[in-house]
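Shared between the two complexes below is subunit A, which has subunit B as its partner in the first and subunit C in the second.
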Partner chain A sequence: MPSRISRLSSSRFYFPCILFIIALLLPVWLPPFLLHVAIMIALFAYLGIAWNILCGYTGKLGWGHAAFFGIGAYASTALYMTYRVSPWIGMLLGAVFAAAYGAVCGIFCFRFGLGGHYLVIATIALAEVMRVIFINWDGMGGAWGLLMPVVPDSWYELQFHTTRIPYYYIALAMLLVILYIEIKIVNSKLGYYFVGIRDDEGMAESLGIDTFKYKVIAMVISAALTAFGGTFYAQYVLYISPETVMPVGLSTDILMGVVVGGMGRIAGPIIGAAIIQPIHELTRAYIIAYIGRGGLDYVVAGTIMVLVALLRPRGVIEWIEKVYNKVIGFLPSFATEETT
Partner chain B sequence: MSILDVKNVTKRFGGLIALNNVNLHVGKGEILGLIGPNGAGKTTLFNCITGFYRPESGDVIFDGQNITKLTPHDIAMKGVARTFQVVKAFHSMTVLDSVTTGALCRTRNVDEAKRQALKTLEFSGLLKKKDIPARSLTIVDRKRLGLASALATEPKLLLLDEVVAGLNPVEVEEVTKLLRRIRDSGVTLFVVEHVMRLIMSIADRIIVLHHGEKIAEGKPVEVAENKKVIEAYLGERYVA
Partner chain C sequence: MIDISTFLQVVVSALLLGGIYALIAAGFNLIYGVMDVINCAQADMMMIAMYLCFWFFELYGVHPLLMLFLATPLLFIMGILTQRFIIDRLLGAPLFIQAIATIGLGYVLQNLALLFWKEDYRMIYMEYTTAKTMVGFISLSLPRLVAFVGCLVMIAMLYMLLTKTDFGRSIRATSESREAAALMGINVKHVYALVFAIGAACAGIAGVFTSTFYYTYPTVGAVFLLKMFVVVVLGGCGNVLASIAGGLIVGLAEGVGSFLLLPSWKDAIYQVIFLIVLAIKPTGIFGEKKV
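Moving on, here comes the complex of A and B:
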């Protein structure tokens, strides 16, 4: 077996390594607006990976991840505003709350064996329930939402105003951590069981897999990880309301990137976010500002999603992979790779 | 000494009685055959034993424990594995990964499960195809993969639902040998099969189901000569 180091030096990893170095250096020469786009790519790649664990690997399509996102955002913001708890701690509590709500949703849906379209409808409904609760919850700012008090730049309070660069590095770090978690999960017993459940639940049961339990576990992991993204967003925008952190549109944004990139693939959400988010942000900033009407970004992103579904139903990653494998064939490899 | 007892099991689907008061036992270490015309209730019986269906009445006792009301995965954990007549497979996984998934029910460690899976693949003659995705396998190999995955869970009792249907005579011979090897390794086999050549040559005992009722039981030769069985398969006028 090749060691870890030598596996990393195989030509397959050249491109990700180069990409990572570019990502590290990006803020040096990006203007503020493009830096914002880069942050959005990192955030939505992060959220996409969290979504992918439930939907790509376990094959249970959830359309309500905005609820987990919103719970994460509200938990840390409310804790900060009432008790001045650092968002870093609020983040963890948000994840716990989101995990709890994920468990409730999971038990509720999977106890009755929901899957496919019915699960989509149920998860939308459960997320909408959360949104309506927060609209009517005056202690949480109701429909007005919560406006964070602005404080000087601080890592402890996770606010930066002079430059957005720290936000970028935090988002990038979160993306790396979730990538690591994802790869760990995929190569563990959990990962095998998740894919088994996606491929055939009857077969999975016959091999001793408690499909109900593992589906709920997938939902809980996915929910908790999504909540971290919610806290980050709240700290980034410093204003949250049910309409900005819990709408169905947000759930759609999260899953759109993964569907375009490639479901059930490690790099899928990153590729998808890198395609969808720039389109979103650029159409929003230039075209919509010019014509003065909203919603065009969804028209463009939706069109891309339809095209991908028609031409590359397994996601753009399939096409990229093909080209990539051809390219790395020409590159020298320093690894002593065995084909096992 | 019996490893599995099915006691007065009745299963209805609406007005249709799929299994009517079925009683049978499987002895430890034997190969028990289960035959019967289409729609006799063979697969339904398997589903009742493995927890996929819950019988309306009656009990299934495995290794002294009542497993009637357990879920399929609990029953699998207790040591009852099965294959499916309508072949199921983990389509996106490779052969090795599919079998590893089965082996993971006895361990947490993926590497250990992989080693176990490789052993099982070698045992069942699929080792050469270990890196092929299950979706690219032929039906025959998919059946064998189902068998290998089931074996990887280290069962005490293995229920096989038509593993050789559609195979050519040479392949039937191979599977026959494999089943004998499985039995010799200490696994009890309960086999549903339409291919009489196979069932007659390997079963120690055969049970015949017809319209959800057990109509005969005994050694292969006895069953083949049983009037009720001939009647069920060929019709009354063929009864000599």
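Moving on, here comes the complex of A and C:
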């Protein structure tokens, strides 16, 4: 039995800690623009993990997470603009609304036993219906969207204009919380049910798992968690409209990161976001500004998607894992008792 | 309050648009039915054909309809290449991997168009594209009428190809069972390549017709992609003829819906109809998977 000290000094333990400390210290030396990239990575890693709970672990491919994201963004923004409710509370309400819509979607889709491409198109359609409702909902700003009133920096109102550093820490904290939730779920009975449903639904059913119930639960959890990301985005950008927070393209962006990174893996969405988001943001900022035309970012992202599908259908995580294990093996490990 | 002649006008225009939806969906449906592959880049291939028409008209003054003889073979070749280099390696892969690959391809096509041709909305302006004919008291846009008839003819030809020729028989055999078809001496790879190419060519033809009455811009595919899915599932997956029914329903729902309600609701209407059909009969109105 390795002692506690020796376990702490094992490279398997301290290397992730070093990575985390680097992440904590990033704002110190990152210029504001790169900090923005880091925030987008954290946000999309967060959204990817939320998506992964439904799709990676339960195996039900939903393509409509933009609706949940948008509901979260709209709920907190509308509450703040009408009643000056703090976005922190709006965030919770947004999650409740998104969970309710997630339950509706889940009950609709899974009651009728939709799977595969039927589920994909049904979730797209459900999200699109929600988008059209918001376009026509004048109380919510209609197609114009909502523009948040600008107030001085404050944690209560969750707005910062002088610096982006608080946004970064909030996004990082959200990422850590969702990682914790994800690991808890995956290692719980619930997580085993999810994976059971993914691997063989008929088998899971025959073992007495109420697959309908657990599929809906997965959808609800995924929806509620996605809504938090929506609120964060609304507070970060301070402008939301049906076209920016609810398009199908947003759902695609979320799942693209996960698929590139690795579906159904804990670190997959983080790796995927760390690959896809810099491509978007950096090409947008440098190349597009230079040649004056858009498009190159998605050409690169699209090529990566095709290549990943062809070469590494399980995601880039397979490569990263090898490198990671090599680094860990290379680093000095003081845990002498561990022989593995 | 609702004027009957205006209403008829709306219905007819909506049905005409439905014909276009039917043709792109037919190509998609063929690929899906035979290869079990969802080609999310279908609508973007259509966009490429639309740009071909636009540029050939703009630069050389070629009549868009003549482009049927150029865009269709080009898209056919593009289909073969796509099949060889991408789709062939993904047969039997999980659904989302295929979807990711074809969406990735769609992104590449869309954004190459954006990169080279900018995001401007482009339209072919000539006598033909603004021509009108009167049928009774209904005024019809000539290019839309031609597009509708052209699309129906193409679908009919596709159907004949599938049911009346030896090649069509080998396609149907392959779609029923890949292994059995291979054992009967059908070159399955060959069939797949041609099926995908025919699907892409359908997108090309639809693009040529569409370019005569619709704006051409890089993300025009997005307007059609979702409708295409809905048309396919409404009509019945893998059933090429059912695409016509699906296309007309979507066209009608969109046209009549935006006439009776506000135009901004039009996208929701056909999707709600789609969700209802999905709930009642998930295999589509004309059920059963067959080509």
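Keep in mind that, in the parts below, the second predicted complex is superposed on the first by the 315 of 340 C-alpha atoms of A that agree within 3 Å, B and C clash if a C-alpha of one lies under 4 Å from a C-alpha of the other, contacts with A are read in each partner's own complex, and residues count from 1 in each chain.
What we mean here is this: a contact is a pair of C-beta atoms (placed from the backbone, for glycine too) under 8 Å apart; a residue touches a chain by one contact, two chains touch by 3 or more.
This structure is a prediction, so every number in the text was calculated from the model and none was measured.
Q: Given the touch rule stated above, what does A:D199 touch, subunit B (first), subunit C (second), both, or neither?
A: Only subunit B; A:D199 stays clear of subunit C.
Q: Would you mind checking which one, subunit B or subunit C, touches more residues on subunit A?
A: Of subunit B and subunit C, C contacts more residues of subunit A.
Q: Could you tell me if A:N325 is touching subunit B, subunit C, both of them or neither one (first, second, both, neither)?
A: In the superposed model, A:N325 contacts neither subunit B nor subunit C.
Q: Taking the superposition as given, does A:S154 touch the first partner, subunit B, the second, subunit C, both, or neither?
A: After superposing on A, A:S154 lies clear of both subunit B and subunit C.
Q: With both complexes overlaid on chain A, does A:A143 touch subunit B (first), subunit C (second), both or neither?
A: second
Q: Which subunit A residues lie in the overlap of the subunit B contact set and the subunit C contact set?
A: In subunit A, no position sits in both the subunit B and subunit C interfaces.
Q: Per the contact definition, I'd like the list of subunit C residues that touch subunit A in the complex.
A: Subunit C residues touching subunit A: 38, 86, 89-90, 93-101, 103-108, 110-115, 118-119, 218, 222, 226, 229-230, 233, 262, 264-265, 267-268, 271-272, 274-275, 278-279, 282.
Q: What residues of subunit B sit close enough to touch subunit A in their complex?
A: That would be residues 50, 52, 71-73, 76-77, 81-82, 84, 88-93, 97, 100-102, 104-105, 108, 110, 113, 146, 149-150, 152-153 of subunit B.
Q: Over in the complex, which subunit A residues touch subunit C? Could you list them?
A: Residues of subunit A touching subunit C: 55, 61, 108, 112-114, 116-118, 120-122, 124-126, 128-129, 131-133, 135-136, 143, 248, 252, 255-256, 259, 263, 293-299, 301-306, 308-310, 313.
Q: Residue numbers of subunit A touching subunit B in their complex, please.
A: Answer in residue numbers: 187-189, 192-193, 195-196, 198-200, 202-211, 264.
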